[in-house]
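You will see two complexes here that share chain A, one where it goes with chain B and one where it goes with chain C.
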Partner chain A sequence: MNGTLRLPVEPWARRLVLTEIIVPVVLLVLGIYAGLLQVLFRAGVIQAAEFAGWEYYQALTLHGVVNAVVFTTFFAVAFGNALVPYALGMKLPLRWAWVSGVTMLAGTLMAAWAILAGKASVLYTFYPPLMAHPLFYIGAALLIVGSWIAFFNWIPLYLRWRREHPGEKTPLAVVGMFATFIVWLIATLAVAIEVVVLLIPWSLGWTQEVNVPLARMLFWFFGHPLVYFWLLPAYTMYYTMLPRLAGGKLYSDKVGRLAFMLLILFSIPVGAHHQYTEPVVSSGSKLLHAFLTFAVALPSLMTAFTLAASLEYGARQRGARGLFDWMFKQPFFSTDAWLFSYMIAGLVIFIMGGISGIVNASYSMNLVVHNTSWIPGHFHLTVAGPVLLAFLGMSLHLVSTYAGKELRLKRLAVAVPYLWLVGVFVFSWGMMRGGLHGEPRRSNLGMSYLNPDSPFYHPEWKLYVTVAMIGGIVMTLAMIAYFVVFFATALSRRQREAAAEFPLSEAYHDEPAGALMNLRPWLIAAVVLIAIAYTPMVRDVVRGTFNNAPGYEPHNPAPVNQSEQLEESPSP
Partner chain B sequence: MNEQVSGERFVPKGAIAFFVALAVLYAMLWFAMYAELLGRR
Partner chain C sequence: MDRIEKLVMASGIALLLVFFGAIVVAATSYGVDVPTCVTDRKPFTEGQAPFKTSDQPLRYEVHTVARMWMFDPPEITVPPGAEVDLYLSSADVVHGYYVEGTNINLMAVPGAVTYRRVKFDREGTYRILCHEYCGTAHHLMAGTIVVSSSPVEEQ
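Entry: the complex of A and B
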């Protein structure tokens, strides 16, 4: 990172960012272990409902909640707390930043207790009528509220910067982080309504039944934009840091700004593409959301071209010739630009994640893959591809710079993303091919379809689950290597003053921003589009739901309240 | 216009070729899945 601007960091800002990075990485150890258990359960290596005290659905819930929600939310907040003040050249207001961090931590501990105690095996989608302990929902709500506080804490900095720099473009890194949290804020309003109005009163026994289609619609209002909440910090790194790491410049600053604004516009009104098989949603709503989902692919395709051009520019400065030589003249294994390996490996994985997502979004084609193992095969190519690798790389960068320590074991650090790339491709091939042959997702196959003693034995899937298991083991090895590098760095002796330091890129085309100067019109357009896409869907759900549902637990076919009555009634 | 162009103008021919190849790959994979869908009628 030679030549990057180093800004001193206050001790309490340093402690906050390090806490917000180290806590979720510690939890990620559990999340990765739970992921390994999944492939062992599914491949039939474990032919039981539980292993070493961890039940299948409990482990699946922990894997999803910790990896996809807790780790990502903590990371996005920590990254923003470091990057936004750095890019604006200001100090982070500490009081509310700490209120945010403590709120998120309290919520995480509540939800983690509920899951580890086996009282919240409801998976990361927490679909009713599966019911969790109230602390799971309250903890999730606190995690979200804490992340809102972090965002609200950056807004006065941004407004002050704009007052002090009239007519100047907001730094692209700040635009990226604000796009991330605008999408997050709008999307989480729906899930907050679901949790606070529907699920918490229901789990506390204040209401007996819940409107399942309404809860699912509110979840997917949040659930798909969640993907962009994951991707946007990675895009921020790609646009603002990757070109510099590759020795080049960002090809177009304006395209970066346009991609962020389009993601604000199109990220949210797309939830129905997760609900194509739900009869309560009209086909008109589904078709509209399908078109909007294709629209949200546009900023990703723009990003693919712009990043390729940026990488090509850097490689041409180093003598690359011809049409494709630039692809191979990149610092893939450089220990000086080690962060590059995390970003480029993520982008390669995302090529397959992108097309499999377009398949999922295609209205009738979705029926080929719906609820099969294709779906987790796909989303491991997105959230466990560009997102995870960008976050892992940046977590190493933050723990190194904010703790004032040199990254340890750099060669191993560079190997991690490539080992992960191999693992996730093998894993996803197994899952997606199996899915095309009807292999279900969210199922303990070792208890049934992959158990030769079961009447449901389905030997055709044996190859696919075995391949997925091998991929899962390679992914676990990559993560073990990452944890070794992370904790070796975190626990090493401090070598210099802690400082904020990011390798921000210059732009080759540094165009005027024009209509992209101001977030407000894009935000208003997004709200209008959401109203157009969701008003008919709300009407569908309200008109089409005739019965609400009582709560259930995964292992019991009787509703929770009836099970409690049976346990309390005296034996005949 | 505040473009920072140094020396020879850079035209990202390689990125254009990459993007065309990406579009062709995506079309092939999408139509392969479409054929899978039709095969299930």
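Entry: the complex of A and C
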């Protein structure tokens, strides 16, 4: 982009950001392959427990952990390490940034080993009392702690900036990244307690049993804010870069700040909407969390308007007339503003993702879709829609600017998001329609319901799983194109000095921020709301849980502690 | 914020309130509700086929245990119009209990009891699927509900 501020980057900051981008993209190759296997198993093309050494549930675990947790967490940290210092005009403190990166890498390698060795086929929700290898849990904990360190490393920068710039508004990009990591920090506290206090000692055999309803409550305290941790870096790009890429300005700076603050406020006290069909959580808590989930939809509705208004403003500057002309006067296929294609395709996908999400949140309506293939159909329109595409686009941008290289194969790069859009719409149509007809999620259908030799054979689902498979194949092709562009760029010759460079937008309405100047009141309100939403649930867990459960390995219906005793007892 | 933005926010809030109102009406006036916290029943490890607990006709109680990788009892039979108090428990890991073609969609969680009152109006054979991953043979865990007017044996 012409006229974008370029800031030089120290060599070790450059190496850190590039490592934190390239490592998860390499892992993503495995994650995408595992995703392709899913649709082939489910469509009955592979009618077996495993394919080429990959067991179905092992591949599903890898797909979820790598794509949804490892790739996203690494990306958010790398993006923040680049964007926060850039927007503040400061240098990234390197020591703790590297401690964070190495910690995350060590954790990822541990968990990846456990999954690839077949010792952690517990899916990415790892619901106890299914038990994985201790290194799976320890690795997850290290990944989380490493990401906290990255955030803590930015806080002194921000505080120094506030001292040096009294009365100025914090740059919106920094507000977005801080919102991301505030939500992440609060939410991961719960899952860290689940993993460190409940699951690690239990998987090491130091404790025998685990309180399953408590573990589930802690997991979902984390599990839904997790999706806002995915979404918030994408929102940061939408608010701070998309208007500029489209040749315009952000319609309202204040709405951007308000959306981020509302997401801090409402992202967390919504976990029970994943637990509508469960015992232990009372229906009153479920209804309260349903209400708060609708509240967290509000900032997304506001965002939809503000972004559309920003795009319209840009198009009118370029001569768009009438009511709808502006929709078509956008740089959809521009190879100069190629990042635009990733963001706009993601936004189009998110329209369907948001609508289906409201269905899921709607309390008793959730009974129609819970744990059916509708759910992965829905979340591939969110995390594998706006989130994935924004992350893919920005990973290309970071690798080209931080390595001082020109993006290679730009036309192919622009085609990726649209090919993905077609693929994911076809895939999700198949999954969601199948789900409405009772097709379960996370199930090796090729071994049962989609196998003509099985007594469970259920030909009604054939159409839906086949459509989902076709979509999945198109998605895989889009990702192959992305990997080609990514590695062709990363391996090309350096052409200029490495620099941090982001196309940050100006605001059209740039009003004083007022009550949105400070994070503190919003943080306090968020903590109060969490206490209101979760205190009755803690009480329910105490009242409604009668006994704890021993651990089980996925392949063995006998508890782990009993099987060990049997093995240890001397033979007669 | 300008006038249009305020209008957008207000209409967004109004839309979400209408949605929320609809689910509250569905739960209170039409009884379309979700399971709640059960404190008066202990988890059980043996299933029980439909049995009567009162003189009310067509009112039954069923105890289902989900375990790796079957439902106990695997098949239950009730007459059309039966109102069944369904109690669900898990003997090992977390399982799902989803009756195809109905809104019966429950989780079996170790250490707790799931309860719903469900009604079967139409005759037919309904498939029960485990729809939560419960280990290597999860995709083979299923059961059957038969709704039939031929006489039901009392147990």
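Everything that follows uses one rule, which is that the second predicted complex is superposed on the first by the 564 of 572 C-alpha atoms of A that agree within 3 Å, B and C clash if a C-alpha of one lies under 4 Å from a C-alpha of the other, contacts with A are read in each partner's own complex, and residues count from 1 in each chain.
By our rule, contacts are C-beta pairs under 8 Å (C-beta built on N, C-alpha and C of every residue); 3 or more make two chains touch, one makes a residue touch a chain.
These numbers come from a predicted model, not from an experiment.
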item	value
First, second, both or neither for A:507, with chain B first and chain C second	first
Chain B versus chain C as contact partner of A:155, first or second or both or neither	neither
Which of chain B and chain C A:354 touches, first, second, both or neither	first
Chain B versus chain C as contact partner of A:281, first or second or both or neither	second
Touching partner for A:313 - first (chain B), second (chain C), both, neither	first
First (chain B), second (chain C), both or neither touched by A:527	neither
Partner touching more residues of chain A, whether chain B or chain C	C
Which superposed partner A:436 touches (first chain B, second chain C, both, neither)	first
Partner chain in contact with A:255 - chain B first, chain C second, else both or neither	second
Partner chain in contact with A:5 - chain B first, chain C second, else both or neither	neither
Touching both chain C and chain B, counted on chain A across the two superposed complexes	301, 305, 309, 358, 362, 364-365, 367-368, 509, 511
Complex contacts: residues of chain A adjacent to chain C	49, 57, 123, 127, 129-130, 211-213, 216, 252, 254-255, 275-284, 286-287, 290-291, 294-295, 297-298, 301-302, 305-306, 309, 358, 362-368, 370-372, 438, 440-445, 447-449, 456, 458, 509, 511, 540, 543-549, 552-557, 559
Residues of chain B that touch chain A when the two form their complex	1-5, 10, 12-19, 22, 25-26, 29-30, 33-34, 36-37, 40
Sites on chain C touched by chain A in the complex	1-2, 4-5, 8-9, 12-13, 15-17, 19-20, 22-24, 26-27, 32-39, 42-43, 67-69, 88, 92-94, 96, 98, 100-101, 103-107, 109-115, 127, 129-136, 138-140, 142
Of chain A, residues touching chain B in the complex	249, 251, 301, 304-305, 308-309, 311-313, 316, 320, 322-327, 351, 354-355, 358-359, 362, 364-365, 367-368, 436, 506-512
